[in-house]
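Below: one structure in structure tokens.
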Amino acid sequence: MLGLNKKDTTLLIIVAALTLLAPFILNPFPADSALAQFNAGYPDLMQRFVIFGIFAIGFNILFGLTGYLSFGHAAFLGVGSYSAVWMFKLLSMNVIPAIILSVIVAGLFALLIGFISLRRSGIYFSILTLAFAQMSFNLAYSVLTPITNGETGLQLTLNDPRILGVSATADGSIPVTNLFGIEMRGTYEMVAGPWSFQFNTGYYLCAIIMLLAFYLAVRIFRSPFGMMLRAIKSNNTRMSYTGLNARPYALAAFVISGMYAGLAGGLMASMDPLAGAERMQWTASGEVVLMTILGGAGTLIGPVLGAGFIKYFENIFSKINDNVLHSWFSFMPDGLEDAMVALVYPFIGKGWHLTLGILFMLVVIFLPGGLVEGGQRIMRAFKRRKPDETSSETTTEPAE
Amino acid sequence: MGILEVKDVNKRFGGLQALGNVNLSVVENSCHAIIGPNGAGKSTLLNCLVGKLIPDTGSVMFDGQSVLGRKPYEINQMGISRVFQTPEIFGDLSVLENMMIPIFAKRDGAFRMHAVEHTENEKEIVDQAEHMLDSLNMADKRHFHSASMSRGDKRRLEIGMCLAQNPRLLLLDEPTAGMARADTNNTIDLLKQIKDERDITIAIIEHDMHVVFSLAERITVLAQGTPLVEDTPDKIKGHPKVREAYLGETA
Amino acid sequence: MSKSNLTRRGLLKTSVVAGAGVALPTIFTASSAAAFTNEPTGGSVTLGFNVPQTGPYADEGADELRAYELAVEHLNGGGDGGMMNTFSSNALQGNGILGKKVEFVTGDTQTKSDAARASAKSMIEKDGAIMITGGSSSGVAVAVQGLCQEAGVIFMAGLTHSNDTTGKDKKANGFRHFFNAYMSGAALAPVLEKLYGSDRKAYHLTADYTWGWTQEESIVASTEALGWETVNTVKTPLAATDFSSYIAPVLNSGADVLVLNHYGGNMVNSLTNAVQFGLREKQVNGKNFEIVVPLYSRLMAKGAGENVKGIHGSTNWHWSLQDDASKAFVKSFGEKYGFPPSQAAHTVYCQTLLYADACERAGTFNPCGVAEALEGFEFDGLGNGKTLYRADDHQCFKDVLVVRGKENPTSEFDLLEVVEVTPAAQVTYEPDHPMFAGGNLGSCNAGA
Amino acid sequence: MDAIILQILNGLDKGSAYALIALGLTLIFGTLGVVNFAHGALFMIGAFCAVTLSKILTLSFETVDETRTDFLGNPLKVKTPYVEAWFGPETGGMLIDWAVPLAILFSIPIMIGIGFIMERGLIKHFYKRPHADQILVTFGLAIVLQEVIKYFYGANPIPTPAPDALTGSFDFGVLLGFDPNAVIYPYWRLVYFVFAAIVIGAVFAFLQFTTFGMVVRAGMADRETVGLLGINIDRRFTIMFGIAAAVAGLAGVMYAPINSPNYHMGMDFLVLSFVVVVVGGMGSLPGAVLAGFLLGVLESFASMNEIKSIIPGIDQIIIYLVAIIILLTRPRGLMGRKGVMED
């Protein structure tokens, strides 16, 4: 189906089902229960899951396939966001032109940086990309404030021209982002017994775009072009002695992944029209590297899992405070309750970084292939229990 | 006029004269061996032929065109393929994919953005690759992870990948170095078979005299960066200067 | 995604079919049954406390959280009531807000606009917060204020000192209790004149981002009005940790006062470096060389240690104030936590009380009603004397403190002493003052 | 002219810190082939060794002073450090005053110990893993280390002053014939520079003149060959990791009086130190030192008003700009060897 083989089609269908049903899947706990703290099915976080999923999928096209480790990819995301917000300020609140512009601008920016950085390989390439991104961040924060609004981030105001729209709505507010009139922030809440589920227009736009991005990534992975990219990672020497010019291949991968980042940035601005300079900082670039490695570099689904994992911790664990802990452990006798709270407290709320750091270490120590490997091990254990007619794996698909 | 003409090539590394006035002519469809003791400049010469090094002076012509200043991939596209001392294959890829890449390179050139086609739908390429693997007796290994194969199989695959491009000149850099006797003999048989079946010129650098004398039609002896003699294998065997400079040492 | 999720989904599907009939639209939508965003329907109301819990301002954030918890306790009738007893408005009963018990959720701003907005959004979308408050930087305050305007909830800013928050970036749903850079300048200038005379040459080091610039502009304007000359203004990168190369040329520039427009870690390091270079022992133009830190906080003073001694700056509030309100607050905070509150804690405590009080007076949680109750509200008894929440820009006008690093501290908290309490009238400016121009409150948004 | 001399001094001082951190990073990379993202955290822990020692020395008992009151109006509890009670105010006060230099002795065994534990417990298992995995695990470790420090010491910077005798500044300009106040420089920064020079010199001498050093240098050049000689190179590498950790820690200890230590100071230096290492050339110790000083000096020059007025914002980007230019003109950094980290 869709030019994919059976296995990939299955994968695509699973991913599509997971994303489209995310409002249910991410809200497994009844809204009033103590565990509702762990529900992630609210629009902002769901949007972030898929947007960072797109970012990581794109990053993986570069890093997972060619092995070039860019430490400056956040710059493209930032540039995409700025372009989109400028489009909202100048043209209209429709998200389509904003997203298109952000992809184009990020692509051009990636072409420029990639052209220079790809003259070197290995860690030298990483440092070059890092240097470009840090320069972008530092300048965006300070000297380029007229374009980026510096520390505060680029925001919409009531005085923006918006040639094809209105500067301010009739009741004096800033108009909201929309897709031909459908507001991105529109949310419908479905209450089913003790559960409640939120369906957000913006999320579904992001989800559909992510599915397209994922589909495109699958096609790239399975194409001769994708094979060439893996060949670069595997053996650059053989590549050139086979009559292939590795540079344009790597550059194409770099630009494509830069455009994915721009797309993610544009979507972020479309969901929430603000573009902050921190999006370009090295920590943001590092985050996408971590997402990809954590999920499983070079696999199709890994980066999406990694993105979800990190964003979940950032948004859910950071919000647990000692009051919540006390309510969880309130069934225990007082002394024990306090002891439990004291024990767990360092790992939640302001300690969420600590938990994340420990999990990074555990995953990389015990699951060298990232979360995908964890999944594979579970599947294998599952298969072994059932009598299985398929022969045991003699080879693992290199790209899977 | 040979297919490969090396004229007055000099190469210095700092104070070391790696190549001094090398002249070499490889006749089309022949097998030409270059031998010499360690440090004689064999590898330097080879690197000058494929664009990895640029000679200080002199010229290297392939089929009437200069190769100097061209990048390795451009030289490959001219029809020169190289086999390395340690097999250079795409270790992370399957054997079949390894074989497909040179065929793609032959068909599409140095770069083509074929990002939407599905590799499995490239019937013509897959067929050619499988055919090539068949002829190497590797068809059963087509889905193997190539890095996990034996050295002999890797060598076989590498030679196959070079041949899949139908090169006019095949350069072999000590193709049997570090190999077990059986693998060496297999490799010799493979090369003999190639020589017999194809219109191909082979230039080989080799330490193992058994390999050289089984394959070569002409031999150039290099010592201290300069060709000592060039002749047929029989003559070389008995040449006093060669015995003194080279064979004597390694005997 | 593991297998168990798939089975659970099957389960959910059936229950959805059963409950699909009650689907109703809410939140962020144009058409809704609710009158405004997150209208509290049960017996409780949820406030969102959005403070930095990680990153360099984590300690300040932690202090804010303590004050919020204290405020919630007082609102619900617990504790000794703190400043509720001294507050001039008597609308608060100690029975929650409008009879509803006050609950709260917390989030981490990470001192990044993006993260702060994400966390505020999650409080609004997931936890149903009706008001967002907190923060420790102007960038974050402006970003979250914009979000709250869009979402239709009230934003009660925490620590934000930039003129822009109630200047060009002001919003109808946002309110600021904290003072601003202009006020720092206006309060400091007379004291500086008294101490150092009117013939001084000032050299500014300024953090190179929006807040730094507005503070520099404000201080330059007010000191030049005294007759001071500004020798140079130098921008320093935000990421700078070692300021030696910016400090070293100061002495040779002919300046005799160094103004450090830095905050947080930047301020601690630049002040430490300046003292290291021995600037304070030098004589220039026949006068003692002086250093001024326009925005002071006790937590920063603690980081800079001995170096703050004798250095002047301004602050919003300090625990050593002797009015009844401050004493009551210090008492209830100190007894609960064992140390005195910081100005950040004081600000957010006030903001929480002010919000609750406005709801009571308005008789509704509707942001537009609450905003109306806050606009032009005059009150006393929250520690800064008579205070006005000005309707034109939602900025509080109250007394500003000029403080000095104490020479002989008696404890680790006793680092600053109040030199002068500058009356509100002296720091008040016109709403259309050029430093605050360019913005527009817009109209109040109740969401829904 | 005086302004230039001043900025060279500043640059050498900044460069000392960069060079020390980069030196340790290169030692670890060169000997073990590991990209250590936790190296900044080691620097931070070093600084906190100084903080900890000064906290230990100021451990106090409380006596109640009825004549004074605390902020709640209760009688004031006056703290007296135990060391002052034991050794008398004079000696005790002196010990507290000299906490930072004393912390050098205190930190060396601690840092070497941390280095050993890190290498044996974690890094050892990552020699054969891809660099990406090494980055992830050491980055995770860095987060954990800094969060642990934050848990115990808070997020605020903690002032850790230099001994009184070494505070204050020194008028260099007068020596060179300039006007007074033209070139002044803090004593402690001079101490830092000299200290860095001694540590760097000691590391080089150690590698150059001891058998141990020779084996390690051979190991850096070609790990497999040395392994074949039957020398227990792994154990030596463990020791090397300990030494690298100690160098980073010492850099941190001595840095504490320059800027008050805080828990994220390691991350602030991490990116910068990687840039320094790469500009110097991966695996080259002299390169790391050279690049450290070079970037320090250039950064100082870029912050001069004269230069900033020509190119606004240059001080924000100078390090990165220089890194890009050097990497494009010298493919392997200033003194890098071929084939290192290029796969």
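Chains here go by letter, A, B, C and D, matching the order in which they are written, and residues are numbered from 1 within each.
FYI, a residue touches a chain if its C-beta (ideal position, glycine included) is under 8 Å from a C-beta of that chain, and two chains touch if they have at least 3 such contacts.
If you want to know which protein each chain is, UniProt gives these names: A = Amino acid/amide ABC transporter membrane protein 2, HAAT family; B = Amino acid/amide ABC transporter ATP-binding protein 1, HAAT family; D = Amino acid/amide ABC transporter membrane protein 1, HAAT family.
What you are looking at is a predicted structure, and each value in this text was computed from that prediction instead of being measured.
Looking at the partners of chain B and chain C together, the chains they share are A. Between A-B and A-C, more contacting C-beta pairs join the chains of A-C. Taking the mean of each chain's C-alpha atoms as its centre, the chain lying closest to the overall protein C-alpha centroid is A.
Most remote from chain D, judged by the distance between CA-atom centroids, is B. Rounded to a whole number, the gap between the C-alpha centres of chain A and chain B is 46 angstrom. Centroids built from CA atoms put chain D at 51 Å from chain B. Averaging C-alpha coordinates per chain places the centre of chain A 32 Å away from that of chain C.
Each chain gets a centre from the mean of its Cα atoms; for chain C and chain D, those two points are 35 Å apart. Contact with two or more other chains is made by residues 58, 62, 208, 235, 237, 239 of chain C. Along chain B, no residue makes contact with two or more other chains. Shown for chain A are the residues that touch two or more other chains, namely 138, 141-143, 353.
Pairwise chain contacts present here: A-B, A-C, A-D, C-D [touch as defined].
Across the interface of their complex, chain A is touched by residues 35, 122, 125, 129, 131-133, 135-137, 139-144, 147-148, 151, 271, 274-275, 278, 282, 312-313, 316-317, 319-321, 323-324, 327-328, 331-333, 341-343 of chain D. Only residues 63, 69, 116, 119-124, 127-128, 130-132, 134-135, 138-139, 141-143, 282, 286, 289-290, 293-294, 297, 346, 351, 353-354, 356-361, 363-365, 368 of chain A touch chain D when the two sit together in their complex.
Residues 14, 18, 21, 24-25, 28, 39, 42-45, 48, 138, 141-143, 145, 149-153, 155-159, 168, 171-174, 176, 183, 185-193, 195, 197-198, 272, 274, 276, 278-279, 314-315, 318-319, 321, 323, 349-350, 352-353, 375, 378, 382 of chain A are the ones that touch chain C when the two sit in their complex.
Partner chain C is touched in their complex by these residues of chain D: 2-3, 6-7, 9-11, 13-14, 17, 68, 70-72, 76, 150, 154-161, 167-169, 181-182, 184-186, 188-189, 258-260, 262, 264-265, 268-269, 299-300, 303-305, 308, 313, 315-316. Contact residues on chain B toward chain A in their complex (touch as defined above): 50, 71-74, 76-77, 81-82, 84, 88-94, 97, 100-102, 104-106, 109-122, 125, 143-145, 161, 165.
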